[in-house]
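Below: the structure, in structure tokens.
Should a chain be cited, it is by its letter among A, B and C, assigned in written order, with residues numbered from 1 in that chain.
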Amino acid sequence: MSETRWNRKHLLGLQDLSADEIRFVLDTAHSFKEVSMRSVKKVPALRGRVVVNAFFEDSTRTRMSFSLAAQRLSADVIEFTEKGSSVSKGETLVDTARNIEAMGVDVMIVRHAAAGASELLSRSLKCSIINAGDGAHEHPTQGLLDLYTIRERFGKIEGLKVAIIGDIANSRVARSNIWGLTKMGAEVILVGPATLTPKAFASVGCRISHDLDAVIGEVDVMYMLRVQNERMKSAQFPTVREFTKLYGLTWDRFQRCKKGVFVMHPGPMNRGVEIQSDIADGESSGILKQVENGLAVRMAVLYLVSQSGKAVSADS
Amino acid sequence: MQATHDQRDFQRLLNTLLDKIVALVKPGEPLNLVGIRTRGETLAQRLVPLLHDRGITEIGFGALDITLYRDDLSEIGPRPLVRPTVLDFDIDRRPLILIDDVIFTGRTVRAALDALADFGRPSAVRLAVLVDRGGRELPIQPDAVALSLGELPLDQVVKVKVAERDSYDGVEIERRSSHESHE
Amino acid sequence: MASILIQNGTILDPSQQLQVKRDVLIEHGRITRVDSAIDSKGIKNVIDAAGQYVTPGLIDIHVHFREPGDEEEETIASGSACAVAGGFTTVCCMPNTKPALDNEAQIEFVLRESERVALANVLPVGAITKSREGKELAELASMFQRGAIAFSDDGVGVADSSVMRKALQYIKMFDGLIMQHCEDHQLAGGAMHAGLVSTLLGMPAIPAEAEQLMIARDVLLNRTIGCRYHVQHISSAFSVELIRRAKQDGLPVTAEVAAHHLLLTDESCRTFDTNFKMNPPLRTQADVDACIAGVVEGTIDILATDHAPHLAEEKELEFPYAPFGIIGLEPALALYIKALVTPGHIDWMKLIDMMTVKCAQIVRLPRGTLKEGSVADVTVIDPDLKWTIDKEQFVSKSRNCPFHGWDVIGRATHTIVGGKLKWRLN
């Protein structure tokens, strides 16, 4: 066991974590998975602590996952959902968050449409901040649960070839996974149209391909990203039909995948678009595992960031 | 650092503990043995074959990580690694013996009792520890002890060493350094 | 008006290519004598400028004073105070106020307010189009006659090519000057430079081509028209190249660069600190190097701050939503020194040239000289003064400055406008 301990008050992204820290979180998540298999799926670790889900952007599943995770740690959970830019409502994000914090919050989970929003709050508030997705920047718990799921499936991450397919440019899930996977020693191949796979990622160690059929036979993991309709409107991609033709995981493509390939998706899926239904529901699919592991990972993250107001000190 | 007991003494202590545990057990009754991580688990693992030799064979074995049940979580600073709790036996309506290396304030045992309560309802829970160093902060006392050190000054730390983890067996008393966590 | 004698200083006058120890006598608002040793008998105000440079008053042709409309951010009064505190005697303020400076009354307002405040000379730049909407020409000739020093829709460029073409033709009519904020409308909308950093951060971004496109378009439009045309806040390497080529072709193009595009890159945005958010954005080191090279070779003619005040609560937003801009008047001189003079890229004469004579020439202002008889706009500069930029000490109403805490060398110690001492360093 490594001598690493967790020292961070916030989890804002995977770009700043070391491989040791990531491993520590995954190992901790492993213990929390065990909690979820007991009949009494609760531990008192965060009893008396207040956790707020501050979601300024829509999301049911991530919010529910965090909510349940916090409850399993016996924390008190408050839900705060407010769509729309804070600017239009007249109150700034920082003001809104400070008002919430004033009620006595230990951990704030933040999802927001603007990159850097959770970082802004970590500078402006006193409580711990967990980034549940900030614009296209990062979605660290998603990255962690994906790493956990891959490790669970293959027993390791190092040396695996992982293809991330679809709209990389606008995806926070892609970015967090790129950081996590490269740090843990996997080879990442980004596949998508030129308009959606920025060349800049080559400089952080990713391969870039616009031809899915060319790489399909060599990858261990096929990570499919959601196709978003907004991209059609902003001329980044012509039609859904063409996208599926070039980058969809059809049954035919699936046959040409490596034996034992693992198919993943962050959800929600567009069945029939980026992924065929029977593949999503089949044996090679880790999609439901991702959700299950998401709970354990989020419990681990909540547990790790919630330290008291005291700074980390040598004296215990 | 003062080594109070070396390898040979350790074996004697373990045997003393074994005798006292046997005295707690009704013959023919199934028994659950749960070691508190981490060294309590090691001791419990050693006790199982010794209990077999004494004719107690129906033993359910488990390991308990109490990190998530501690009442001083806010004070222990950087989070240590939480390990899974493994209790693969029928817990209800059977006697259960908790094993730990050292009892001090009693808070670890309290946490263990809380954890067990989430798993079920043993018919009785007994506590067996290798060393009692005094300093209780809760009304919790062991049912079986191998070594009583009286009330040790608070600036001293008792460490039990086991070959499986530390490459030798022994009991040591040290002056507390600023890095020690309060057990 | 009391006379002022500046003794023992070294005058640095690029208009005469003069760098020599001289005393300067100011009487009745004009420089009456520049000589080796002027007797101070009978003169009440004597400034000992030993070890310091005496230069023509510094000029900044690109500032934003938020009056009318956003007076809490800055006013003509507070902005003028910033100017003189930075050593500037004349500034040109942009028309993106609320309402815009797009008619005679607004131009008159700025001029009168500048006179009333009586610190630096504040000269208004009129909008090119009504309300800066880019559709219909504003009353350009009337504004010009009233005293608008130039025209710009700054904040945005004129997006419609046919409108721009007409603006060039119209303004050429009275030999006016267009200052353009070069940014293609359709490529705009991002929050930082489109490059490696923005890609890794997942931040909406503005490609350098947005700036280059409009420069190229305007240069082409202007080929057959020849209106005086000035590129504001240049920031990208190829933009410098485009200006270089246009000048080689003999077109009446000039360009300015701000301190932050000579000192900072998009790497600063990694912390999402909005004090590093401006338009055009901070770009790469290659762009910084190209701008410095542009300054050295003269492709970039002058330095300008693009002083853009915003309150803390306005900037304390999510990075993509925060307003663009930083203040710049007070630390400007020290930052230009740090970026250009200290590393040895240019010497003091050229620095002052780019902050005085060349500015005056671009806006056709009879300033920027210490010749006897000229209006006494004079700045005294201590080139060796070490100080630390402390934004809390600024006279600006705003504090949005990324250079807070920087140790710098060089500072104006006296600012004289129209023969009166308007500011002195304590």
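What we mean here is this: contacts are C-beta pairs under 8 Å (C-beta built on N, C-alpha and C of every residue); 3 or more make two chains touch, one makes a residue touch a chain.
The structure displayed is predicted, hence computed values, not measured ones.
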{"item": "Chain occupying the middle, per Cα centroid", "value": "A"}
{"item": "Per Cα centroids, the chain farthest from subunit A", "value": "C"}
{"item": "Geometric centre distance via CA averages, subunit B-subunit A, whole Å", "value": "39"}
{"item": "Whole-Å separation of chain centres (CA-atom averages), subunit A against subunit C", "value": "45"}
{"item": "Rounded Å distance, subunit B centre to subunit C centre (Cα mean)", "value": "75"}
{"item": "Residues of subunit C that touch subunit A when the two form their complex", "value": "195-196, 199-204, 271-272, 313, 316-321"}
{"item": "Subunit A partner contacts - residues on subunit B that touch it in the complex", "value": "65, 67-69, 73-86, 114-115, 118-120, 178-182"}
{"item": "Of subunit A, residues touching subunit C in the complex", "value": "15, 85-87, 92-94, 112, 114-117, 119-120, 124, 135-138, 169-172, 175, 198, 200-201, 203-204"}
{"item": "Subunit B contact footprint on subunit A (complex, rising order)", "value": "1, 5-7, 24, 27-28, 30-35, 38-40, 42-45, 73, 300, 303-304, 307-308, 310, 312-316"}
